[in-house]
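Several structures are given next for inspection.
Next, two complexes with chain A in common: one pairs it with chain B, the other with chain C.
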Partner chain A sequence: MSLVLENIVLKSGADIVIDTVSLTLRRGVMNVLLGPTLAGKTTLMRLMAGLDRPSAGRLLLDDKDVTGIPVRKRSVAMVYQQFVNYPNLTVFENIASPLRVARLPAAEVESRVRHAAALLRLEPLLQRMPAELSGGQQQRTAIARALVKRADLVLLDEPLANLDYKLREELREQLPPIFAESNAILVYATTEPTEALLLGGETATVWQGRVTQHGPTSEIYRSPLNIAAARVFSDPPLNELAVEKRGGAVITAAGRQLPAAGVLAGLPDGHYRLGFRCDDVTLGGDGTGFPGTVSVTELSGSESFVHVDVGTGIWVCLVRGVHDWQPGAPAEVSVDMHRVFVFDIAGNLVTGRS
Partner chain B sequence: MRSVLAPRISLVIYLCMLMLPVYWLINLSLRTNTDIMAGMALWPHHPTLDKYRAIFADPTWVHAFGVSLSYVAINTVISVTVALPAAYAFNRYRFVGDKHLFFWLFTNLMAPSAVFALPFFNLFYAVGLFDTVWAVALAHCLFNVPLAVWILEGFVGGVPREIDETAAIDGYSFPRFFIRLFLPLIANGIGVTAFFCFMFSWVEQLLATTLTSSNALPFAAVMTRSYSASGMDWSLLAAAGVLTMVPGAVVIWFVRNHIAKGFALGRV
Partner chain C sequence: MMDKPTNNRAWFFVLPVLVLVLFSSIVPVMTVVNYSLQDSMGVNNFFWNGDSWFRDLLNPDTEIGARFADALLRTIAFSFTALAVEVPLGIAIALCLPRRGWSVGISLVIMALPMLIPWNVVGTMWQIFARQDIGLFGAALTGIGLPYNVTQGSVSAWVTIVVIDVWHWTPLVILLSYAGLRAIPDAFYQAARIDGASRWAVFVNIELPKLQKVLVIAVLLRFMQTFMIYTEPVVVTGGGPGSATTFLSIDLVKIAIGQVDVGSAAAMSLVYYIIILTACWIFFTVMTQIDRRGDR
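Let's turn to the complex of A and B:
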């Protein structure tokens, strides 16, 4: 019971928008598509829904080929990032719309709509028009419409991105259990690594029209298979350093020599790219770290993200508490060599954190 | 004080200048011919509705009024009905030559309608539509369809594509989606378009008079034939003129809200 994408390719003129994507999305699991804006998440969802036809490849729903079946004939529900409702119908009729088309008996429509409205706390608003609702209420209406249909495939395209912070937190907690009940194949697109981690389930990291890695969300976070997946799954951005290992030492692009400690010790000689997250580095040290200057400090409540220019690039360091580092101030960054990911020149993982 | 008064005074002056010809027409229509020839009067000293009564009592006038209203109504219905799917297609789909075709529609508006009077006359005569309201209604599509497509395309563009897609996902068939969901969304646009079609068809005279002879003579054509041996019946013509403005005023009254929104939203 699953949705299978088999070597899906989408071309637009000479451009390859989606490049040979193969994915298996299972029922009853939250399938997260994680990737930056324009990575191809929405395009993938449109292909899954049948709104667009792939240039090559097959789409199998529960082992049945649905590639050429138009969207009207499929059992799909979709929630867009922008709140899409029918402006000329009441909230009740908006939610009931797919059921009315399916010509369900009035009593059944009524009970399903009431049930969905109760789950999404829309009951007092059922007779309003969409224009009279707040953004969060409009999006809850769209979600309710996706829910009542009991579709096999439910696509949520960054459904919370346009909502304010509080509502986003609240809905993010409510959505997974609501949809888990429906036994649909759930696909959820997001740009935020933290959102993917909170949703759990399985994640496919999307980068430039390709799926770079697919598997249980926490596993991808802990051991990304390639630098693209690691970049997609790091917020703030992944800190990177190009090095060459020669004998017992590693040499950076800037010509610094370091002892090959931690995960670097067992590597054969050659060129590598090191990637590490902001919580794998510490600010300050005993003089053996990387010297640099502070470029920006971002305060986020109990933590500060200090951006340090170390000459070869800008690294982000997580520091507990609120610190007001002035831009231009000298700083030293120490990297825990036991916690870096080592990628080869092609970007594939060689060895991960020990 | 000055800042409030100055715009108001200029507005009043502007409106007076706009309304002057209309007022003068009404003024003339309420006076007798002898009174009109006797000299200028700023308002009718002995107002009379005699000429209006004369028009309503004369079957030629009444028939002509009905003819004009019929072809205008038929034309408006045809233009809007034909233009709706066209506007949707031009906005939503990409097809070979779409932009050229869209522009080509406009070239129809660039030629004076007199150019088409002869071919239309010959064509409609050949197919037996000459001197019917259908001839005029169809001929007016020449300029009203492109206009309607152009206005409606702007309104179609104002509806997000995601609404179309959501309807498809919900399972709506295309015709059902178009009629039940889409048309109500562009109701203002349809109102505005209908108004413009009505207006342009109502004021067009050249094609209307060329394509008719006696049965389907439009109102304005009857006006031009109302010279008599005794000369021009000023008062009667003025009354007929006032009557030609009535349908336009009525239509504006009914679609005024649509038009206000339409001007704000769309491409008018």
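Let's turn to the complex of A and C:
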């Protein structure tokens, strides 16, 4: 029971928007599409829904080819980043709208709408108009509408992006159990690695129209297969360093020589790109680290993100507690060579953290 | 309590505007008020007449009152007819215009062209256009056997004036509706497609409600302009045949300049003015209420 994308390609004129994507989305798990804005998440969803036809490739729903079937004849529900409701219908009628199109008997409509409204705590608001609701309530109405339809495929396109922080956290917790009972194939697009981790399930990292990696969310976070997946799944951005290994030493692009410690020890000679996250480095050290100057410090309560310019680029270091590092202050960054990802020049993972 | 600093110099800066308003609005309006309350026996020979001009005007049993009531009804009928045609037609055409691509600019310019033509030119154009002997429109209608004659048939005259106004001003409704339609996010159409909604349902449940604000503005502007229509009927029909197309503004000019009945004309212009002001106030109230509902 699944939705399978087989070598899906979408071209727009000469541009390749979606480049040979193959993906299996299973029922009963949260399928997360993680990628930056314009990576192709929404386009992929439009293809899954049948709003657009792929230029090549096949789309299989439960082993049936649905590639050419238009959206009206499919069982799809979608929730958008914008709050999309019919402006002239009450909350009740908004939720009921797909059922009215399907010409369900009134009693059935009533019971399904009540059930969805109860799950999303919209019961006291059923007679209101969308303009009289808060953003969170409007989005809950849109989600309820997607829910009542009992569609085979439910697409959630950054549904929480326009909500404020508090509401976002609240709804994010409520969503997986609400949809778990629906037995639909759930697809959830987001730009935030943290959101993907909180949702769990399986993640496909999307980068420039390609799916760079697909698997259980925590596994991708722990061992990204390529530098694109690692970049997509790092917030703050992935720290990177280009090195050349020669004998027992590694040489950086800036000409520094370091002993080949940690995961670097067993590598054959050659050029590599190292990637490591902000929590794999420490600020300060015994003089063997990378010297640089502080460019920005972001405080986020119990933690500080210190951006350090090390000459070859800017690295972000996570420091516990609130520190007042002044821009321009000298700083030393120590990298834990046991915790770096080593990628080859093409960007594929050579060896991960030990 | 804190003393706010006062600076009387501010009045000095406002003064030019006050003087301008004095000469542009207050003096002319007060002159009209002056005329409406007095009777005249020749140049500079005025005497107090109270509200009798107004009482005559608003009493349909008097000659002037009957005339005013007729013209008012005719004007209201004209406004409603023009609006009833222009608004649906404008929306329909806006829906048919392309949404993207090179054809957008071209279609909008072509649509907007009639609006750029001055009123009296429009009148003259249509006056020739409607002629039975050499006018394309008039000759064509006569050719297919319709009893069309602007100068003699009151229905012909009336229809011609409505057609002129529709031709001249539907573009305004088109442009406003088009702008309103373009402002609807694509996600709404997508959601409707996913819901399986029909084209009609999309129009009724998405497009029309989202167009509400611009339509109120369109109706307000079109109402004001049609209610004050003057140039086209004067040029094309001269208010005739008989008084078939004698709208309020035309009647006003006839009374004031044709008959030099200054007192009646002054009373009439004030009533006319108050009617338009009231209509605008109602529209404005409705509009701001819609705004407030949308903001929540």
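Methods note: the second predicted complex is superposed on the first by the 354 of 354 C-alpha atoms of A that agree within 3 Å, B and C clash if a C-alpha of one lies under 4 Å from a C-alpha of the other, contacts with A are read in each partner's own complex, and residues count from 1 in each chain.
Assume a residue touches a chain if its C-beta (ideal position, glycine included) is under 8 Å from a C-beta of that chain, and two chains touch if they have at least 3 such contacts.
Predicted model, so just to flag it, every value in this text is computed and none were measured.
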Field: chain C versus chain B on the shared chain A, clash or fit after superposition
entry: clash
- prompt: Which of the two partners, first being chain B and second being chain C, lies in contact with A:S22: first, second, both, or neither?
  reply: neither
Message: Which partner chains sit in contact with A:A77 here, chain B, chain C, both or neither? Use first/second/both/neither.
response: both
- prompt: In the superposed arrangement, does A:A49 touch chain B (first), chain C (second), both or neither?
  reply: both
Query: What is the contact status of A:A131 with respect to chain B (first) and chain C (second): first, second, both, or neither?
result: second
Task: State whether A:V101 touches chain B only (first), chain C only (second), both chains, or neither.
output: both
Field: Where chain A meets both chain C and chain B, residue numbers
entry: 49, 51, 71-72, 76-78, 80, 82, 84, 86-89, 97-98, 101-102, 145
Field: Partner chain A, residues of chain B touching it in the complex
entry: 160, 162-163, 165-173, 176, 181, 184-185
- prompt: Tell me, which parts of chain A touch chain C in their complex?
  reply: 46, 49, 51, 71-72, 76-78, 80-82, 84, 86-89, 97-98, 101-102, 131-132, 142, 145
Field: chain B-facing residues of chain A, complex
entry: 49, 51, 70-72, 76-78, 80, 82, 84, 86-89, 97-98, 101-102, 145, 149
Message: List the residues on chain C that touch chain A in their complex, please.
response: 185, 187-188, 190-191, 193-197, 201, 204-206, 208-210, 293-294, 296
